[in-house]
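Next, two complexes with chain A in common: one pairs it with chain B, the other with chain C.
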Partner chain A sequence: MEKRHPRILFRKRLKELRADVEQMGKEALSAYRDSIKVLLKYDEEKIKRIVETADKIDEMNYNLEHKTLSVIASEQPVAGDLRFIETCIKVGGHLKRIGYLASNITEVAKKIKDEEVPEKPMDDIIHMADIVENMVSKSLAAFLGQNMDIARELRRDDDKVDDLFDRALKDITQSMFDDQETISYLVYLLFLARILERIADRAENIGDRTIFMITCKKP
Partner chain B sequence: MEYIIEVEDLNVYFDELHILKNINIKIPKNAVTSLIGPSGCGKSTFIRTLNRMNDLISTFRRDGTVLLDGENIYNPKVDVVNLRKRVGMVFQKPNPFPKSIFDNVAYGLRVHGINDKDVLAQKVEEALKSAALWEEVENILEKSAMGLSGGQQQRLCIARTIAVEPDVILMDEPCSALDPISTTKIEDLIHKLKKDYTIIIVTHNMQQATRVSKYTAFFLHGEIVESGKTDQIFLEPTDNRTEDYITGRFG
Partner chain C sequence: MEKRHPRILFRKRLKELRADVEQMGKEALSAYRDSIKVLLKYDEEKIKRIVETADKIDEMNYNLEHKTLSVIASEQPVAGDLRFIETCIKVGGHLKRIGYLASNITEVAKKIKDEEVPEKPMDDIIHMADIVENMVSKSLAAFLGQNMDIARELRRDDDKVDDLFDRALKDITQSMFDDQETISYLVYLLFLARILERIADRAENIGDRTIFMITCKKP
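After this line comes the complex of A and B, so read on.
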């Protein structure tokens, strides 16, 4: 057998990239969780922190890109290593977007904080928000653990979110018909449903990138 | 796809050492094929079987066939000089003859009976142009080849090889003794030459393999572990041993 040359420095740099993505994922997930909390119980301080976290994730994403470019230039990775690095860049982009979408949720929270939101559409939204939180969490587990099964589950979860989104639209518009006074703030609930659906898409995409990283095939 | 070389069940031994084991590979015509693998895996021995250079080693034995355009090159009737005209070779270290630049390129032509001065001059010029060296040497053709830089000497060796219009050019790590600029020139040249020639290149430089070749074969312990399109080998190798080698986990 040939002498093993583990490329110690290179392996260390790959581990660092993984740790960076993991950290970005934690920040994004925490920003998202907090944004849902703020929706249910308005909290100015928390909103401030969420907005700061979104900017922080953006900053981390630039750093991640710098690091990946440097690893590509100096180590000239191929095969699984190259696919991993490419996926880090893609996942970083999705996490950054999730951070900003969480920040957008706080905008909605500001608009509806003093309103009496009808129960039915709010239930739809909360149900969606739960699944989406689980999806973001799963997407990180899929990527970090290179787990195809979890990545595939995300596709099914996203279908569920899409169904709930359709139902939420129906319930929101029904509430608007029932009481036209509510339109001025229920329209923000429509935005909210849309934001949640987009976060679910991002999580599903992270799963898809994970499948591509492992198989080099379109999922 | 058209194949110029087809190797079937090739085994090579030096004394009792089994160097190449059951090699089966087809080399596509007018394309570049890279051979990669750790030192001692049999790449060089393999390309030397393609123009019977190993015949010069007394302990060499082989079985299996190597077909060049459908003809077995190990058939006793094959004229080895003519075979080596059809399958030329460029080595790791530039090895110009201690002669003038002109005579280096004209050497093979003269061996093959071309002595007409005008014809020689024309063919030498064509070969030097093909090897992207003409502009640098057109005024010093009578000077010694030994005065050229390493990169120029290597291109001269390529000119010498293509002067006799081979079908296949074997290159055994042609850039490993060259600086980056000379390496780039040789790689550009390989791109240009593949239109007219089939090129098989042994390289230890993974990036070079991805840059210059359309097909790649990975050798390990005298066997071909995996061969196919270069993109596939370097992006999604199917064998773990290939992945381990190209990502630098051993070698």
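After this line comes the complex of A and C, so read on.
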């Protein structure tokens, strides 16, 4: 029995890392969801919570990094275990970024809250936002469940987001043409589309890392 | 003597990590500089090289990550050494991102190459680009020379970039008002301003990590 104890402790520490990433994922997803709600219905209180959540995820990521490095230093894991730990660090970094991007969305919400945003570009944005929400959720499921199929789907989703971004770009510039008065706030809609695209990229990256963790091959 | 050998080897491995980051930094800075040149004078060949450099830095970063984790696993470093190694991973990640952002700048160059971009927003952009170049260069000097003063300067520089970004945003939307025909390509100038801002953020982050590495306190 003597020799088994350290192994059991090691497994426990890996499980803890996974639980930390899961918690960070939940926070990031909820911050993102709320940021889209705030876009549709302005809410100062909610914005405050989103900004706090982003900072909290940053703090959690900082702790996660330290934990992972201390596990590596003390346990000297190899192969699959090492790849799992590396992936935790990477996924944590992406989730932290998603938290801050959600917080950036609330800044756009502030800029457009008193404007009558034309329907067409806003529809594009909301369509993008829905797919992106799905992607973040899928990326967590892929990593936590070590599920290759879901991870692969993220690449197709990201292509969809890229297409929608191009359409949003076209519709936004068209609205600027149609009514010059809109230019001053429609620029923020452009930034918003970019933020959504970047969140989608992060979700895709989480999927790619998951594939790499399982197969040891870059997708 | 017997006991000294592993220590000497360990120091050698740390030096190697530093040299790797230095090389990545040189590549990232040169890709960025070239991307700004391409913006002013379109050059297909140069663009190809920038895109290749971004991929090369990505590959170097991938190798750096593996090297760092293997040093941690085999040497179990503590305190200052561990913080140095962690900082190498972080700085590597930022440099990789700067490489891809330089590659994004070349996409903007493609979009605006046949347009007569109004002088005023372009002046703002070039002014921003100069400060950002300086920041990337300073961030490398701060990390490689473990220089707190330079690292602290980056915070002030970043404030300057933020101000210039706001001015560029104002000038670009004004140009859109003045001449509607410009809207379709001026949106890319907006994206460009955002890319520059993001590169500045990465440089500032490298400075912050350097301060943390030296003082063990978040700036």
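Following the convention adopted for this analysis, the second predicted complex is superposed on the first by the 213 of 219 C-alpha atoms of A that agree within 3 Å, B and C clash if a C-alpha of one lies under 4 Å from a C-alpha of the other, contacts with A are read in each partner's own complex, and residues count from 1 in each chain.
Basically, a contact is a pair of C-beta atoms (placed from the backbone, for glycine too) under 8 Å apart; a residue touches a chain by one contact, two chains touch by 3 or more.
The structure displayed is predicted, hence computed values, not measured ones.
Peer 1: After lining up the shared chain so the two structures overlap, which partner does A:P77 touch, if you call chain B first and chain C second: first, second, both or neither?
Peer 2: both
Peer 1: Once the shared chain is lined up, is A:G93 touching chain B (first), chain C (second), both, or neither of them?
Peer 2: Touch status of A:G93: second partner only.
Peer 1: Under the stated touch criterion, which partner chain does A:I183 make contact with: chain B (first), chain C (second), both, or neither?
Peer 2: After superposing on A, A:I183 lies in contact with chain C but is clear of chain B.
Peer 1: Any idea whether chain B or chain C touches more of chain A?
Peer 2: C
Peer 1: With the two structures laid over each other on chain A, which partner does A:F191 touch: chain B (first), chain C (second), both, or neither?
Peer 2: second
Peer 1: For A:L169, decide between first (touching chain B), second (touching chain C), both and neither.
Peer 2: A:L169 sits against chain C, while chain B stays out of touch.
Peer 1: After superposition on the shared chain, which partner residues are touched by A:N63: those of chain B (first), chain C (second), both, or neither?
Peer 2: neither
Peer 1: Could you give the residue numbers on chain A that contact chain B in one complex and chain C in the other?
Peer 2: Comparing the two interfaces on chain A, one with chain B and one with chain C, the shared residues are 76-78, 82.
Peer 1: Quick check: in the complex, which residue numbers of chain A touch chain B?
Peer 2: So the residues of chain A in touch with chain B come to 1-7, 10, 76-83, 215-216.
Peer 1: Mind pulling up the chain B residues that touch chain A in the complex?
Peer 2: Those residues of chain B that touch chain A are 38, 206-207, 210, 234-237, 242-243, 246-251.
Peer 1: In the complex, go through chain C and note every residue touching chain A.
Peer 2: 65, 69, 72-74, 76-78, 82, 86, 93, 169, 172-173, 176-177, 180, 183-184, 187, 190-191, 194
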